[in-house]
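Here you go, one structure.
Which chain is which? They are A, B, C and D, in the order written, and residues in each are numbered from 1.
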Amino acid sequence: MIPSLLPMPLRGIVPPLVTPLLDDQHLDLPSLDRIVSHLLNGGVHGLFILGTTGECTSLSYAIRRELITHVCRLVDGRVPVLVGITDTAPEESVTLTDHAKACGAAAVVAAPPYYFGLSQPELVSYFEKLADRLSLPLFLYNMPSHTKTMISVDTVKVLANHPNIVGFKDSSANASYFNALLYTFRDQPDFALFVGPEEMMAAAVLMGAHGGVSGGANMFPNLYVSLYQAAKDHDMEKVLVLQEKVMEVSAKIYSLGTYGSSYLKGLKAALSVLGLCKNHLAAPHTAFEEGEVQAIRTNLESITGL
Amino acid sequence: MIPSLLPMPLRGIVPPLVTPLLDDQHLDLPSLDRIVSHLLNGGVHGLFILGTTGECTSLSYAIRRELITHVCRLVDGRVPVLVGITDTAPEESVTLTDHAKACGAAAVVAAPPYYFGLSQPELVSYFEKLADRLSLPLFLYNMPSHTKTMISVDTVKVLANHPNIVGFKDSSANASYFNALLYTFRDQPDFALFVGPEEMMAAAVLMGAHGGVSGGANMFPNLYVSLYQAAKDHDMEKVLVLQEKVMEVSAKIYSLGTYGSSYLKGLKAALSVLGLCKNHLAAPHTAFEEGEVQAIRTNLESITGL
Amino acid sequence: MIPSLLPMPLRGIVPPLVTPLLDDQHLDLPSLDRIVSHLLNGGVHGLFILGTTGECTSLSYAIRRELITHVCRLVDGRVPVLVGITDTAPEESVTLTDHAKACGAAAVVAAPPYYFGLSQPELVSYFEKLADRLSLPLFLYNMPSHTKTMISVDTVKVLANHPNIVGFKDSSANASYFNALLYTFRDQPDFALFVGPEEMMAAAVLMGAHGGVSGGANMFPNLYVSLYQAAKDHDMEKVLVLQEKVMEVSAKIYSLGTYGSSYLKGLKAALSVLGLCKNHLAAPHTAFEEGEVQAIRTNLESITGL
Amino acid sequence: MIPSLLPMPLRGIVPPLVTPLLDDQHLDLPSLDRIVSHLLNGGVHGLFILGTTGECTSLSYAIRRELITHVCRLVDGRVPVLVGITDTAPEESVTLTDHAKACGAAAVVAAPPYYFGLSQPELVSYFEKLADRLSLPLFLYNMPSHTKTMISVDTVKVLANHPNIVGFKDSSANASYFNALLYTFRDQPDFALFVGPEEMMAAAVLMGAHGGVSGGANMFPNLYVSLYQAAKDHDMEKVLVLQEKVMEVSAKIYSLGTYGSSYLKGLKAALSVLGLCKNHLAAPHTAFEEGEVQAIRTNLESITGL
């Protein structure tokens, strides 16, 4: 359990790890081992556990703690481990961070509390007090579709002055907003700016982002790592070839049916087809049924050159 | 710790108890004792703890458990105690219910999980599986401004068939919706229909609702109990006199400033002015400052005849 | 074309008249004659044309003008005619009002402009300038689901001071909000407060509202007039009997399918079954197909005692 | 009045022309002449009049027609003129299109009707019937913040089969969505894909978009034309230099105050400072007051190298 180190700024592909489950109450440890190896072998630059893709809010605190313990043990300091501590009760965020630190995690990630929607001054106050109490560096996480609140550019700017707030992950998919962040922080290159939706990762990196929290990297880590590198190198020819692949994954794996959770369902079904973990989603979500899993299998096979 | 009994259906005023706090991590037990006595002396028909007014989601699980223990002990079976178990992780709801049952609570109350917005079929599946596992009867709780999801009338109708689902609390403030519920359940008088916003409680009871979860009853329990009784008796003259008082409370206590949390801030400030508890709100909220507390004091004094 | 007079305040049932159409470009004048007679014979206290139920925004300005002309001619001063002038371009509202005045209408009704969502100060400024220019008295119209903006209680309070703003129609269905309006205007009995959704009309009138803009009155004017009268008289026994009928209409006619426009589709289909007009909705809406019309017919027949 | 020709696909910077006004009822024709010359001299590839930036929905139909007449006359066939016909009443869209065609416009642009929010099947039906009736080619316009409806990728795909629908403008700012469109239409290079928000124009063009409808081009046409060209040429070094300039404009001109209409207010104030038109916004909007105009002046002067 070697503590993982946090580069300043963090850069690259830091996938939001899915949480492999036997059922709602039990982690699937062999699958966890398999997926972590798969990702590290694929060249990812860090791991983000207990995010939206990791079904964090659906998991009991006991499982959350267990997951942190095992991932840190498996990674063993090879890449930084970031731990999602998003919560409505700050006390629970603090406690989980202490556990993450003891396990060797490098940083934590928190979206706004998601029961009450907060105003911008309330967000500033909330995150400043939280960062004061945390034993690990904090990444802010903008996720307005789930938290009802957009963290404004001005709020991020203020919070970035806190010595314990080191970066930002944006999952709003709003490119005007993200470019405004890049512009605002153009003279603070140590404040890490990551983008969530993988469909816009290449464009974001071309324009100056430090990296992406790309869910598809659970399946095909090397695709996202290569695309990140091509964008960083301004190799547009390569970017356009790989971007088409990323969009094909998005269209064929995440867009089945009209569920709000098509992304989660499709990703875990695909991982089960790839033999990486079971096709189980924690309640309140339910996994795809056999017919849909078969469709995912067919779609996966039609994606060539991965 | 006498177990409290649940009438079928529950009727009357069941206030959402505020949670008196010394600070974010400590209950204020003397104030809790004072408030519970104040409410029971005021004639309320039950207590609902760990609701939105009780700042449930802001509290650590340790405090939630402690609060359940103490309220059940203080009430000692005199009225039914309902316990909020709204959570994003079903496992935590189940565990908290077991604790509530052990303490002598009568029922639990759950809004939809509030990180992911769920579709209606997902809500049916979620609540059916949850009710199967709960050791106490369940009230559904509609709170779309916080959970992003309106529980449709058809969904309530389906869920009401579950033997362990015994009632419904609606905090949408949508009167068309609430009247549709009253019509839908006109031949199922045992399924309890409660309304959250106190401003519409009298009208709801006039049209057939079983009662109200009126936050103002923390301050003036008798006002809401009397208004409920007048509405139940179709005593319109009395209803209109008391309704004006309830609206005066709403206008003068809950509407200070333009905060999304003006209700919470105003209610706790007023309770502090009344000597019932400290003016402390758990993070992410902050209590009114001294100037605003003074305004609440002045407003309180201007409400005559309470 | 006798000018219709506006009582201060207006009271009673003022149905939002459907617009009978031969096709998207042509009014169905015989049906218009039939429906106006049907409503006046049913005892309604006024007519509101070119509202949401009247499909105002879907109609060309030529048809809007034609409709005003004919309704005013048909009504011939027997009840006040209110004309919807909601628009995004104030100039068009002013022009339409001048036409309405020339035809003998009693007042106009305007919701906020509905392309840009406005702030409260912008609403105040917009309505004050508009009312200055209008040749007829103005009712404000709160319709947040379509205009993206809730007209706040404070904004209504300010606007009610304008000599040419005489009342308010609320279609938010939010009963806390509507009761706050009733409380705010308790000492200004001449400012008319009307409620849109018919499911909450009786409760609103019980609590002090002046009347309802009840769409179902296009089908069964006497039902809504009788319910209004019973509520005004505080005759709760009669209220509860008639309210159940109103809710039966709502459940059986407005709730077919999962369309956002189920209300419009159901209402016009029912009117066609009743022989009052053709089953045609102007684009962008489409009328129910034959199978759904048959279901409406069956549902209509199952509503007894109308 | 030479008819302007529409390239297939249209490419480049097609600014959404502001509408210069003397007051709410009168166009400012000298300023219109000046701005059109300014833009054509700046190298823009087309003009889009009567869009959101052009305050279309605030203008009377008389002014809309007048504007079309004059812009087509001034442009005189040098670049294609696109005319916004977004309306809630299809009849008005058709009539305006006939006028635009008579004046020599090249195409029209329509967002969904914006009073009722439509479902996807309703959008398909609406746009197909509209396109059938229009005398000019149609660009679809996605503007969910104003129309309450996102035109889904699948809906665009279906509608692109209509022979009279030739392109799409997206103002959602959602980069995942826009990249999904680029992927979906990768084999239909004649279907024009334009992006609204100028902050994401360069990234969109890098990934394959045909161009941008950049409001800032009203001020600095050459900046946006140069950035478009650099992105099209994959000249990342130049892109990053010019993108920073574009973001500086956005930060300093569009972000003053917390108005929903800060963009409109700032743009017109800046144009007045630049001597291109008066600082007048049509109701329901109001222009910046003198203090804010002065701040815009100072900010403009601080943007160097334009």
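We adopt the following convention: a contact is a pair of C-beta atoms (placed from the backbone, for glycine too) under 8 Å apart; a residue touches a chain by one contact, two chains touch by 3 or more.
The shown structure was predicted, so the numbers you read here are calculated from the model rather than taken from an experiment.
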{"item": "Subunit D reached from subunit B - shortest hop count over touching chains", "value": "2"}
{"item": "Shared chain contacts [subunit B and subunit C, defined touch]", "value": "none"}
{"item": "Distance between chain centroids, defined by C-alpha means - subunit A, subunit C (Å)", "value": "49"}
{"item": "Rounded Å distance, subunit A centre to subunit B centre (Cα mean)", "value": "36"}
{"item": "Of all residues in subunit A, the ones touching two or more other chains", "value": "none"}
{"item": "Complete list of chain pairs which touch one another", "value": "A-B, A-D, B-C, C-D"}
{"item": "Touching residues (chain side subunit D, partner subunit C) in the complex", "value": "24-25, 52, 57-63, 88-92, 95, 112-119, 122, 125-126, 129-130, 146, 148, 259-261, 282-286"}
{"item": "Touching residues on subunit D, where the partner in the complex is subunit A", "value": "173-180, 182-184, 186, 197, 199-200, 202-204, 206-208, 234, 236, 239-240, 243-244, 247-248, 250-251"}
